[in-house]
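Every chain is named by a letter (A, B and C) in the order it is written, and numbering of its residues begins at 1.
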């Protein structure tokens, strides 16, 4: 191999260009796209096919029994129409927890990608928000395809199902932020397994996705208020069924709580990433 | 006797399965510190039972049971959740965990540098999956007994039946793992398991399907376990249960035979 | 296009200190690195080398003292300075989910290069570190030496004014080390300013124009490898290895064999300007070592003298 010198251009020591932190954010986000371009095949079943199967089994299979046995239980809405927007938000929530777990653990501990990024002009701000920006992008992708499938199934009560997409993105951020912040303190997946088993799975099952939360025992209902999934589920459902006007204050509260969760998550992730990188 | 010898030739016992117990002991050591993970496996079917069985169940009302009589939805779904938990546990243990130990933790490299043989590893891991699932089965049976979802003394046989199921699925899962090259391949497992989980008469009766489809579903592996456990727990005993048992035994032995043939490929790379 | 010839050092540290809670990792060190220089931090594990490097790399806030890199303060202009640095960290930070080439391309993007620029530069650098054939492969199956070379290529993507290398060859086999040294030597000849840490004496002697020896968070000596050897050692060293148990019985018999005697657990080092003469003197005194080795003095001896212990512990 005819290599003599390095492809290196000696620059003046005073050549110190300034760049805006937003330029770094774009590059950090681009990094996630580059990874996705190599790994997207692996995510197809989990993000797109699996939710559709759930919609079929629960919405159509079990839904038929619900509609026959209790036609008025859900305000006269067929079970599948009632379930679909909620399942969309719940599915996106689960995906966002994943996207805030393994990339963060890997970035700090496995291939230590974040440390490599921080050795460049990138700031903790760019690294943290590039990661969360990607989570929201994935939420947009999964939610859009899911919404399209729901429309295709004729499982949408109104075109309002489209509005479930931004609600799902907001819910994703409200979950991914705190999870990413927490995961930055972890060294392995041990805690994640507990989060999944005792956090995500119960939320998925008890946050009003499959049945109204007023069917939960009274003492459990306040918990739904504390955890963000119910807010996302209930808001998306109201938008999809066109019933927002019936309880405007409740739905406004959902939105405010989701926004608060998202902001807290963003700030927490930024603070934790900064602390972890600057040692 | 000759049948036994023939079986020994095909199955990993011939490779020295007697030390398999040592691998089970190793797994017990691991979970002595990670008991929370072990315990958490018990909560998953319980959460599903509370949510699907009682939450949605209240809106579903009664559904047709194994012999067509109407039963409350929670009674219908509880045995199916035990069956799916046995399947999921066995598959997770024999595929993801084995693959991880094989390629990342390098657990077996150390194990195989001792008198332990590949057959010990295979039987040990499958045995461990069966032991684990029997623990969950006992716990779950106690819970549904307390919730009065058990309708017959035949239900005690649900525990060995759940163990049989996890044997069958763990053997086939391990056989599948011998063909896995990367994590990407595990999507294939999900692609098989997820539809089984949702459509094997677990959450709604298979009488909802058109007759042709009913027949197809009735031949899938999870349905054998679901119907077997449901019939035992409800005390509905007939000849089809024998078919389910034979099906699961054959499935497990077939899985073991494949594992025996491909073990070296899996463990002695 | 011409390098800055001004006498202002590229790195200027005075009283530089790093504390983690109560623990002082770097204790008030002073040093300067001039443009085009190859500068080394030598010392055992835990001496404070990596902490110093991380402060210079602008990824670890300075606890106290002054640090100026390219004339700027890292606490104020961290990202701007990092834009002109190339970093080879102790542990690789390559993205294992991307191909070899994409690792370089995305890194170039972090420095604000266009896609076209990034690709051209990535390919040229892969050629330089002899990884062009592996461009499309994933990172994981690469050998340790290849990963290290890829990390060096990545650190060069922005034509850095300073290349920081934290233990660049630790854990590599001899062949991989020599290949890496060769590439670094070429860079040095092209005028790249190198700052490296190592606990290998031969590496420091090969690559460094000037170095500091660190021990227990402080700088204990500074100079070129030759200067340090002249100052803290003699020209030659005679190593005497005795049978087990014999060394303990030699009290009083070793004095005066050389300028200085160092007794290690496994052998005795005699420092003198004529090693053969020292060996002959030992023989005359009736000492019968199992083996005798006369060698040129090295940085290892400097280190032993300065810290009172060998690098092995």
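Please note the rule applied: contacts are C-beta pairs under 8 Å (C-beta built on N, C-alpha and C of every residue); 3 or more make two chains touch, one makes a residue touch a chain.
Predicted model, so just to flag it, every value in this text is computed and none were measured.
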Based on the touch definition given at the start, go ahead and assign the chain network to line, ring, star, complete or other.
line
Centre-most chain by CA centroid is A
Ranking chain pairs by contacts puts first A-C
Quick one: report the Å distance separating subunit B from subunit C, using the average Cα coordinate of each chain.
56
How many Å are there between the centre of subunit A and the centre of subunit B, using C-alpha atoms for each centre?
31
Centre-to-centre distance between subunit C and subunit A (centres being mean Cα positions), rounded to whole Å:
45
Flagged in subunit C as touching 2+ other chains are none
So in the complex, the part of subunit B that touches subunit A is made up of which residues?
34, 36-37, 40, 43-44, 47-48, 50-52, 55-56, 58-63, 73, 183-184, 187, 190-191, 194-195, 198-199, 203-204, 208
Mind listing the subunit A positions that touch subunit B in their complex?
41-42, 44-46, 49-50, 53-54, 56-58, 61-62, 64-66, 69-70, 73-74, 79, 190, 193-194, 197-198, 201-202, 205-206, 210-211, 215-216
The residues of subunit A that touch subunit C in their complex are 1, 3-19, 21, 23-24, 27-28, 30-31, 34-35, 38-39, 106, 110-123, 277-279
In their shared complex, at which residues does subunit C touch subunit A?
1-4, 6, 8, 10, 20, 35, 54, 57, 59-61, 70-72, 77-85, 87, 89, 91-99, 102, 105-107, 109-112, 121, 124-125, 127-128, 130, 139, 154, 156, 158-159, 161, 183, 186-187, 189-192
